[in-house]
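Presented sequentially are two complexes of chain A, the first with chain B as partner and the second with chain C.
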Partner chain A sequence: MSLIEVEDLRVTFPKAGVEAVRGVSLSIAEGECVAIVGESGSGKSVTARTLVGLTGQGATVTASRFDVRGRDARRFGPRDWRRLRGRFAGLVLQDALVSLDPLRTVGAEIAEVLAAHDVVPRAGRTEKVLELLDAVGVPEPELRAAQYPHQLSGGLRQRALIASAIAADPPLLIADEPTTALDVTVQAQILRLLAARRAEGTALLMISHDLAVVSSIADRVLVMKDGVVVEEGPTNRVLSAPERDYTRLLLAAVPSAASRGTRLSAIATGGVSLRAPLPERRIDHGSPVVEARGLTAEYGRRRVVDDVSFEVHPGETVGIVGESGSGKTTVARLVMGLMKPVAGQVWLDGSPWSGLPERERRPRRSVIQVISQNPLDSFDPRYTVGRLVAEPLGGPWKSRAARVAELLERVGLPADLAGRHPRGLSGGQRQRVAIARALAPRPRVLVCDEPVSALDVSVQAQVLDLLGEIQAADGTALIFISHDLGVVHHISDRVVVMREGRVVEDGHVDEVFFLPKHEYTKELLGAVPKLATTL
Partner chain B sequence: MTVSDREPASERSDREPAVAVPPARLAADDEPGLDPVPAVPPAAPRTVPRRYGVRPGQVVALLFLAVIAVAALAPGLLSGADPLAADPLHALAPPSAQHWFGTDHLGRDVLSRVVHGAGYSLGIGAAAILFAAVLGTVLGALAGLSPRYVDEPLSRLFDVLASFPELLLAMLVISVTGPGAGNVILAIGLVQLPNYARVIRGQTFVVRRSGYVEQAVTLGLRRPTLVVRHVLPNILGPLPVLATIGMGTAIIATSGLSFLGMGPQPPDPEWGSMLAEARNYLRVAWWSVLFPGLFVTLTVVSLTAVGRRLQRRFEGRLP
Partner chain C sequence: MSTLTLTRRRGLAAAGWIGPVVRRLGAGLVVLWVAATAAYVALLLVPGDTVDVLIADGVDTPQRRAQIITEWGLDRPIPHQYGDYLLRLLHGDLGRSYVLQRDVAEILSSQIWPTVRLALTAAAFGVVIALVLALTTAGRRSWTTGLAGFSELTAASIPPFLAGLLLLAVFSFTLGWFPVSGDRGFASLVLPALALGLQIAGALGQVLREGLERALEEPFAVTARSRGITEWRLVARHALRHALLPAVTLTGWFVGVLLGGAIVVEAVFGRPGLGQITLGAVTGKDMPVVMAVIMFAAAIYVTVSTLVDLAYLAIDPRLRRSR
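Up next is the complex of A and B:
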């Protein structure tokens, strides 16, 4: 018997005027792993929540069939749902720090599930909590059970959350983006843990935007877009021989070693997707435009960057990869001259840069520009798009209009966007505005700090393509900081691998990623879920 | 605020890597040319976000303040009688068709005095707030932008000013400067100064560490340009709210000081001094006390109501 059987599920939010889910059919058999993939707004999370009666207030849910373990869930009241949650289906959400009560210890959180469903008698609860923490691979369970969520690392928190989700031993686990906020090595551990639960017979419904994560664990995949299932089938079939153009585009948009030198936003026609080549780039191997020698930086007494050296030539892309806390962003700030190194130097265009007083640096600021992860943060909240892009241009405000239109066109935005506020734009459009502004002073170096991390894969593809075009046309050098090894492999010529403020390995991107020498690089690469696809 | 600013519920529950990607995709971008294979019906148009109704009390408060403002600016429109004309024959006359609010112990028309008094209360309150807000903003921004050795003494100064009970500090100032409208403005302004200075200093800290100020540095803006263009405009947001609510406090303080004889001197029809003069006749002529007191109270309550509304709007709880 299937655990869940849903047909023609529709979820609307009448007040917001949104039809989030429009006719989804889904069944999950015992012990099966089903994945729903899709971009933001595709309705995948709403679908998952509806399955456990957590659609939220103001939602209208209809279905021609909605059976939970053979019982018609359309008649369920709040009490019926409460009994199901935890007992029948455990829920694991993206950010455990939000999902766990900050004022209660991890142990108390798990014990509550045990109490609510009367899993074990009161006397045995403490022991059961420790047993559960041990089962999800939390070292020193006694210590951890007594700690609060903020005292745990992201990985441990996610494990604790999984422990509370499986406390009542439910036959189904629903994981909504369970690894999205985690570093790649931690992600690999959590995925192993989920796979282990599956091996023990727990069914898994996994929600993700990441096709590679899904491919490593799911039996079946549903691809959702705009509230509709676009394609569904066995994971291997869907990922290696997709039938729908949307799936094909989604797969083609994933950056990797294979996609180097090509456009990610492919044209899908007649069942084949073609990645068009990007325009040729010329790298000038003469003198480097940015040269960092022995960079060292500290916050208080803590050394966050330790003896980092690299150089970037005109037209070249240097990737900097590492997990959170490895010092990547600090390197970007040092290169931008926003922070003074305690030792070492950055040379820009062959002359000193990082050690100068700001007054001397100012006239040369136009040479190097930055694009950050969250463009909205870097926009003055009062400014319109036009004003943001016009600010770096010299001359009277009025005469800059023509150049603004030109820059917007260059990044693929309509010129009439100039009067709009960035808040009303999509994430991809905002990042384009940030790029247009960075291009305004005609820089020779662009520092990109996680520029595509907050974007959906198809939007990421467009932004990466745009950067490639700009580089080819202007010969701009790129310093590309990312935690995503696929993105870095796609875009970089050379790569610097950082760990705890130090460079552990650097070299040509193919050399480093295909023949890693350092243990850490190997570990990092080993942890990346691979997308088994022919595209 | 546009429609696209508001995320539909489906997006909010979608736990994507938080930050951006709002739903309102605007044509041309982000949408790869797709196959029409799955019959996707067009999504329903988003309805305009619900406007929150203004509460009736807030409308009444605003209307009342409008009347008070007219009284302050053009008292002649509301009352023809001379507020200073004594008429001992008709002293302490109860409210009647001729004297709506009755007369006081010298036979002066209470309505006329209340109307003419609005100018004193509102004028002194507004002047004091203007003084506090301008000086507070300048000092607060200076503290927020300066290195520690400037910020520290300034902040301690704000702390000291704020540590005195308000009325006590105001009386202290007046006992040094002497009574009078100008000195009341100075006293109340000084008392209110730390409220503004502290908030502005805090705002300045937030703004100067913000991504867009850092971005402005990378664009090579000179510091004065940067401060004028990006810092100052962005720290002034809370001022209207603070000023509106502070105005109420200032009016109470003005009346209080006048009541104690430290404000405008009799026979000027200031509400507080009217109360002081009339309090001896409370048992025989309640109207000479009630109306000035009522107007102080209603003005302050109205200002607070309007201020709260502004505050909710500023904090983004209202569109």
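Up next is the complex of A and C:
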């Protein structure tokens, strides 16, 4: 018997006027792993939550069939749903830092499931909690059970969250972006843990935006877009021989070694053309525009960057990769001259930069500009798009309007966006505004700190393509910081691999990524889920 | 390892608490010193001879003038006077009211209890009403939530003296359920405490409900629901603690309402207490009593804000120093 059998599921939020899910059919057999893949707003999360009756307030759910273990869920009341949650299906959400109650101990959170379903008598709960933590690979369970989520590392937190989801031993585990906030090596561990649960017979419903993550674990994949399943089939078939244009588009948008020098987003040239070549870039191998030598930085007593050296030439892209806490962002701050190194120096355009007093640095700041992960945080919320982009331009406000329009056009935004506020824009549009603002003073170097990490894969593709075009046209140098090795391999010429503040390996990106010398680089590359696709 | 360790960690917490407590007590002493100094400067700045100021409307005789000069050390240089004044305060000597012919400490201690009782009862009314309103209506989109929100807004907007008059009009004059004035038993406490507590209930209720509703939207609330717990348990075990954080922030304001409101409410209901004393001292320019009231208010604020800071630590483990 199927665990879940849903036909023509529709979820609407009448007040918001949103049809989130429009006729999805889905079945999950015992022990099966099904994945739903899609971009934000595709309805994948709403679908998953509806399966446990957690669609949210004000939602209308209809289906021509909605069976949970053979019982008609359309007639379920709140109590029926409550009995199923945790017992029949466990839910694992993204980032346990916010998905576990920050004010309660990890042990109390896990014990809550045991209490709700009377899994073990009260006296045995502590022991069961420790047993569960041990089962998901949390070392020192006694210590961890008494700690709060913020005291645990991202990986341990996610394990604890999984422990709470499987506490009542449900036959189905629903994991909604379970590894999205994690470093790649930790992601690999969590995926192994989920795979192990599956091997023990638990069925898995994986929700993800990441095709590669899904491909390593799922039997079947459903590709969703705008509340509809666009394509469905065995994982291998969908990834290797996609039948729908949207699936092909998604697959083509994933940056990798193979996509270097090509566009990730489709361009319309008569038909839809995938992986069209990007305009040629020219790298000037003469004198570097940025040179960092022996950079060392400390926060208090903690050394966060230790003896980091690299140089960037005009037109070149240098990728900096590493996991969270490796010091990537601190390097960006040092290069920007926002932080003083305790040792070492940065030269900009051949003259000293990092050691100068800010007054001398300020006139030269237009040379180096930054694009950050979350542009909204770097925007004054009261400014309009036009004012944001015009701010770094000199001269009277009126004369700036023409240049603003030109910049907006350059990043592919309509000119009438200038009067809008950034909050009302989509993530991709915001990042384009950030790029337009960075380009305004005609910089020679762009420091990009995780510029596409918060974006959907198709939007990420467009932004990466845009950066490529800008670089080809202006000969801008890029310092590209990312945790995503695929993105870095796609865009970088040379790469610097960082760990705990130190450079473990650097060189041409193909050399480093295809023939890694350092153990850590090998570990990083080994942890990246591979997308087996022929595109 | 017992169940205790999963839910309570008093022992563990105690270790990290000594530092913050000591630091806040130190800061509290500084605040008290500043308040004492400010009161002293105010005394010196009042126009006229300091002896005249201190006597105010009291009986003015040469002996008394001489007594005041020795008590306050007015024949010595100002730094000396100030030092003596601080020393006297340290010994708990608040000076003497020449208007009332009694020691200030004695006046305060005889009148403190009615006010404390009124304030505590008002606070209890406020907190209980706010909790009941917020807990029963949070997260439910129905007309009751709207009604509760409206009543809270109204309650928060009505100043205590008006609330007092309205309560008197309805429950004493019309219905005759409660005495009009005086301080005889709990019945005489109900209306003044309500008059004072309604404003607190209104503001606190709004903050609590907003906090509860925000917490119920958080991802951890989805996770908690996915474990199959009841909505009531979700509110009680998870959301309430989150809602308490902003509510605790209100406590400072809350104490201000109680202290300031007590003066008015005691007058409206003809109750004895610090309010009456303060009112009398300010209108009669009885400086020693006014200075003591300033010190008293400062001491209350210091105590409350220390407790509030500690309450944050108790509620939110993220604020405790991580080990």
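Rule of thumb we're sticking to: the second predicted complex is superposed on the first by the 528 of 535 C-alpha atoms of A that agree within 3 Å, B and C clash if a C-alpha of one lies under 4 Å from a C-alpha of the other, contacts with A are read in each partner's own complex, and residues count from 1 in each chain.
Just so we're on the same page, contacts are C-beta pairs under 8 Å (C-beta built on N, C-alpha and C of every residue); 3 or more make two chains touch, one makes a residue touch a chain.
Quantities reported herein were computed from a predicted structural model and do not represent experimental measurements.
Chemist: Looking at the overlay, does A:S458 come into contact with chain B only (first), chain C only (second), both, or neither?
Modeler: Once the two structures are laid over each other on A, A:S458 reaches chain B alone.
Chemist: According to the stated criteria, A:S287 is in contact with first (chain B), second (chain C), both, or neither; which is it?
Modeler: Neither partner.
Chemist: Determine, under the contact definition given at the top, whether A:S399 touches first (chain B), second (chain C), both, or neither.
Modeler: neither
Chemist: In the overlay, work out which of chain B or chain C sits against more residues of chain A.
Modeler: Touching more residues of chain A than the other partner does is B.
Chemist: With both complexes superposed on chain A, which partner does A:S64 reach: first (chain B), second (chain C), both or neither?
Modeler: Neither chain B nor chain C is touched by A:S64.
Chemist: When the two structures are overlaid on chain A, which partner does A:S324 contact: first (chain B), second (chain C), both, or neither?
Modeler: A:S324: touches no partner chain.
Chemist: Could you tell me if A:L100 is touching chain B, chain C, both of them or neither one (first, second, both, neither)?
Modeler: So A:L100 only meets chain C here.
Chemist: Looking at the overlay, what does A:R49 touch: chain B (first), chain C (second), both, or neither?
Modeler: both
Chemist: Answer with first, second, both or neither: which of chain B and chain C does A:S378 touch in the superposed model?
Modeler: first
Chemist: Enumerate the residues of chain A that count as touching chain B in its complex and touching chain C in the other.
Modeler: The answer is residues 49, 58, 93-95 of chain A.
Chemist: For chain B, which residues are in contact with chain A within the complex?
Modeler: It comes out as residues 2, 4-6, 8-11, 13-26, 28-30, 32-35, 37-38, 40-41, 43-47, 50, 210-212, 214-220, 222, 229-230, 233-234.
Chemist: Where on chain A is chain B touching in the complex?
Modeler: 11-13, 15-20, 22, 40-46, 49, 56, 58-59, 93-95, 176-177, 180-181, 209, 225-230, 244-246, 249, 265, 267-268, 336-338, 358, 362-366, 368-370, 372-382, 391-392, 412-414, 417, 421, 423-432, 441, 453-456, 458-459, 462
Chemist: Please give the residue numbers of chain A that touch chain C in the complex, ascending.
Modeler: Per the stated touch rule, the residues are 49, 52, 54, 57-58, 78, 82-87, 89-91, 93-95, 98-105, 107-108, 111-113, 116-117, 122-123, 125-126, 129-130, 142, 145-146, 148, 150-151, 161, 164-165, 167-168.
Chemist: What residues on chain C touch chain A, complex-wise?
Modeler: Touching chain A: residues 1-3, 5-7, 9, 12, 141, 218-220, 222-231, 233, 237-238, 241-242, 315-318, 322-323 of chain C.
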